[in-house]
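Look at the two complexes coming up: chain A is in both, with chain B in one and chain C in the other.
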Partner chain A sequence: MTSSRPLLELRDVSRDFYIKTGIFSPNKILRAVRSVSMTIERGDVLAIVGESGCGKTTLARMLMNVLEPTSGEILYDGRPDNERPPEERSRKLQAIFQDPYSSLNPRKTISSIISLPLRIHGVRDSASVRRETLKIMDKVGLPARLYDNYPNQLSGGQRQRVAIARALILKPEIVICDEPTSALDVSVQSQILNLLMDMRQEFNLTYVLISHNLGVVEHLANKVAVMYLGRIVEMADCETLFADPLHPYTQALLASIMTPDPDLGIPVVELGVAFPSALNPPDGCAFHPRCSKRIPICNLKQPDIILEGERKLECHLFGNGQCDEGTRSKSSSV
Partner chain B sequence: MASSPYVIVDELTIDIRTANGVLHAVSNVSFELPQGEVLCIVGESGSGKSMTALGLMGLLPGMATRKAKRLVVEGRNLLAMSPLEKSDFLGNRMAMIFQEPMTSLNPCFTIGNQMVETIRRHRNISARDALTQASKWLEKVGIPSSAGRLDQYPHQLSGGLRQRVMIAMMLMCEPKLIIADEPTTALDVTVQAQILQLLSALQRELGLTMIFITHDLGVVSRIADRVAVMYAGQFVEYGATREVLKSAQHPYTRGLLKCLPVPGRSARGAHLGTIPGSVPSLTGDMSGCGFANRCEYVAPDCLTSTVPLADRENEHRVRCLFRPEELISGRTAAGATP
Partner chain C sequence: MTDQTAGSNRGAPRTWWGVFSRSKFLSHRGVVFGGTMLVIVLAAALLAPVLAPHDPYQQALLNRLKPPFWMEGGSWTYPLGTDHLGRDYLSRLMFGAQISILIGLATAIISGVLGTSMGLAAGYFGGRVDAVIMFIVTVKLSIPTILVALAVVQLVGGSLQIVILVLGLLLWHQFAVVARAVTMQIRDMDYITSARMVGCSSLRILATEVLPNVLNQIIVVLTLTMASAIVIEASLSFLGVGVQPPLPSWGIMIAEGKEHIFFRPWLVMIPGFALLFLVLSINLLGDGLRDITSPQGRG
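And then the complex of A and B:
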């Protein structure tokens, strides 16, 4: 029974922030995430991509229960999140953050950083804490001699390994990785990506991967959700999305990937320079001011969600059988 | 004049005094760049690429010392310039653009204010003319309705727009040499592509010579005429972009290219290549090849002898004792012959 339920389910989840604009002026509402619904199955690696300010980190923070949704609900294993004690959830759900320089307490030793979740969750016996800590350190490739070291003695890659060890020591089911490699150098990034893939196999993990590096996403994920101004505008399995992006924003994102290939020029991205504000999102489709393929209806009406099997799309170009072949063929040539 | 290179850097060395001794941030970097070409310096953090740029501009922090045989730009010797000559030259004939546009713009002044200040430092023109110039350049870098923009403060602009403003500000005095230190790293991928497109178009239109610093091999491949791969303060590989990326010879460059997940090329979910270990300490005396401790092809000679940046065919220079076909992994300490 449990296995048929999705591990995480989001139902119309929104999050607003109230921004003070002055003593006498009314507060403004920043709608960071606007009714997002999706399911995450066991074993998935779901990547959330989008530009900065599109709400992907807010979404991740809601999944971690650091932020409460303003409306909508998040079901964990079929049960609403707030019905269960926080300890139970943190045993199942852990996070890895972007910057291993700020996510580790500089005054604690590596061993106490890694073992803290264990001690919070009631393992008091110091011998077994030590044993478990050394075991997980070995798994993530940290030498045992670093046990009593402090984070400032470690390199960036080693610090990120500490963060991974801390996340995995409770044997969680799902790990939220918020830009796990963007603070790292290329050669270290590949080590961490390999480690994340190994750990997924070993512990049967489900990942939610927030990233703006599409190369990393393509390599790791099996499902991709593209976010734009608080909405998921396209969601599909990774191969389909990379082979045939439908939403004009997804097309622009994928077009801007630069592989190290001297035969290709700098990609032409057909997006305007105007940048939308989440405080004042455009009417209709939020993307229409920058969209090169907009049609009259785009600034009038929020597009409906189109479901096509596993694929989810929000774009007027494809609604009601308007899916014109011209756009499709153009997209595949990008 | 036209035939001699526009930029000549000869044995540029930058040392930094630290509490633990002297740190060799940049060792013996030499290159020549003809007018109108783009050189990309690529490397990981701490490889000395930004220090090279700052050293060229003479903007090094106080505890750093710069030594060089020659530093020539536009036929002028940068080493022999007085401070006044230098401040006339910098910003005017050669200009620099930095990574984070928010920290390089002053938050207390409007865009227009800052742009006018730049141009009036170098040109004797009225404030009104300077504002007209500023709005002309903003349009040139693709910022529409530029007259209104001039009254805005940096925080009112998005990251991409700020970087465009920086580019406009840098180009206002029409410098001929541009040093760009990771100008797109802080930006989103779509904006990055737009900014690169803009920089590259302006570079061609105005015939600019550009030194472009980045850690992203993807960016390098699309914008550079020549590439220098930097590791531990040294150029380890130098040559035409196509040469270096298509037939990389140094084990470090080859390793870097294998580390990258490339959509459509690297098998999804498969293990990526790695470069084990980490960058060596640059403090104290260094002997042998800087990459030896991470190199899978290391031989005894690598640890002891100084490795020169050797010329190979097609103006390709590589700092390695061996040619790629001579690289044997797991060489034993005893029987190593090149």
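And then the complex of A and C:
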């Protein structure tokens, strides 16, 4: 395995859903993800952020190989799916879900939940299954006495540890975390995040982290992709993005972070109240109806992708070298 | 339970008996009543060869139409009297229970396997599979069960096996509907997604992830189907196309007793009440199980 190839590469990946509106009216098309391209290198922690309904979870499910893209392709280790044995991706790519209550089958014991991937991938010998299961339980901080318990006897944090153990038992290369902490108590969130980071060290993992908690993202990620209505509108290194957000939507997102200082009050975000429907996305730049800095071209033309080193941006304000300094300095002061 | 820290299985259902005694089963009135009644009938049926005072097929024409012991002329030799051929009524009732329970169980199992697999497939795969299976269910629901059973049994000839087979093929729709509904709820759970990601086949997911979660609703349907199978068998036998004489089916006993309904009504009433008792017990048990297993159930 050469390390020069990106671990995961998305080429123009789109996913549509057909919404039935009635027997006689035609189906509507919901464009959940619209031609997303990106690469994920080994060792990256890529965070995908965006508000509810922007397509984060659809993207994650495509990465997980649970949903097929409508168009475009996802290359794992430089090769598309049909050129590889199907077991390979399911071995190397695992997921951790948002809700630890629905991700564990209530009828199975902790040990059988954790060891399922092992048994599927051909470890039949029950002694070694038991040994491996106990080993991984120990690593994620689950006491061995929970081996024969059922999920309903565990707390939310313990359940999420079980989900992590299940994801890691095959020693995957990449783990997709779909909002791994948003269903947990605040006190448990940091424990789980620290565990995820420890495991990254231990197993040399690459993470794709879906989140809307920007605090978590700033803490964990080294790359951030901001999604709006099915498109990646800005993607950059974590430090760059947080220090100098360019896209007005990114600026608004960062401005919406709550601070512990009560005197600052609730942040003011100039986004308006309406979230545009994905069934009927606005013309031109999808963000323009809510954008406080829109210019005439915004509702006419979809902005091109601007590449600036590692940075990727979709906004008319910065297209064709018209990157005007006023916007830029204003943005860094936000 | 003395060492909470080391054991720490707060009510861990380790054994079947542990589940049973700790749960709400024993405090639910319907389950206790129905269960006790059913155990009595089951014991009578299973122990019939030992407990029955006479051979159920032994005719004694000199002793025909004896009344039960509590009536004038009754005796303890024939506790429930004798029928028109002088066969001991209690013994026939006990052997008849065997047939009723055998038919009820076998039918429920056949239709359960059939209906549950159809429901699982419909709920899990959705789309076209679902449309086809639900169409079959709709067609099935519009078929009058008794009439079809009558016609088929008339055509192929009545026997225990035929009755079981026909009823098994006619009573699966409840299983299909219930299994489909529950499966559709479970299908979108993350643990199913997770199993798919790991590379489980659909069959394996259905068998090991979905089925265990559907099973407690299926058990409830199983009891209800068993009850209706028993009633339908009795009806068929009463009409003469079910189990054939001299087998002591309760339906046959009622049919033979109806000749004497004005002067010896117990000949009809005793097997009638037995049928009521058995079906009531199964229904009580089934309703109780439904109450206990449904999340918002009482008790």
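Following the convention adopted for this analysis, the second predicted complex is superposed on the first by the 332 of 334 C-alpha atoms of A that agree within 3 Å, B and C clash if a C-alpha of one lies under 4 Å from a C-alpha of the other, contacts with A are read in each partner's own complex, and residues count from 1 in each chain.
Here is the rule we go by: a contact is a pair of C-beta atoms (placed from the backbone, for glycine too) under 8 Å apart; a residue touches a chain by one contact, two chains touch by 3 or more.
All values derive from a computational prediction rather than experimental measurement.
**Student:** Fit or clash for chain B plus chain C once both are placed on chain A?
**Tutor:** fit
**Student:** If you stack the two complexes on chain A, which partner ends up touching A:107: first (chain B), second (chain C), both, or neither?
**Tutor:** Only chain C; A:107 stays clear of chain B.
**Student:** Tell me which partner A:307 touches in the superposition: chain B (first), chain C (second), both or neither.
**Tutor:** Neither partner.
**Student:** After lining up the shared chain so the two structures overlap, which partner does A:155 touch, if you call chain B first and chain C second: first, second, both or neither?
**Tutor:** Only chain B; A:155 stays clear of chain C.
**Student:** Which partner does A:295 contact after superposing on A: first (chain B), second (chain C), both, neither?
**Tutor:** Neither chain B nor chain C is touched by A:295.
**Student:** Is A:218 in contact with chain B, with chain C, with both, or with neither (first, second, both, neither)?
**Tutor:** After superposing on A, A:218 lies in contact with chain B but is clear of chain C.
**Student:** Tell me which of chain B and chain C touches more residues of chain A.
**Tutor:** It is B that touches the greater number of chain A residues.
**Student:** If you take every C-alpha pair with one atom in chain B and one in chain C, what is the shortest distance in Å after superposing?
**Tutor:** Minimum C-alpha separation, chain B to chain C: 11 Å.
**Student:** Shared contact residues on chain A for chain B and chain C?
**Tutor:** none
**Student:** Inside the complex, what are the residues of chain C that reach chain A?
**Tutor:** Residues of chain C touching chain A: 6-14, 189-191, 193-200, 204, 208-209, 212-213.
**Student:** Okay, in this complex, where on chain A does chain B touch?
**Tutor:** 51-52, 155, 157, 185-191, 193-194, 197, 212, 214-216, 218-220, 238-239, 242, 252-253, 255-262, 264-269, 271, 273, 275
**Student:** For chain B, which residues count as touching chain A in their complex?
**Tutor:** Chain B reaches chain A through residues 44-45, 142-144, 158-161, 164, 188-194, 196-197, 200, 215-223, 241-242, 245-246, 255-266, 268-269, 271-276, 278.
**Student:** For chain A, which residues are in contact with chain C within the complex?
**Tutor:** Touching chain C from chain A are residues 61, 64-66, 86-87, 90-91, 93-95, 97-99, 102-108, 113, 116-117, 120-121, 145-146, 148-150, 153, 163, 166.
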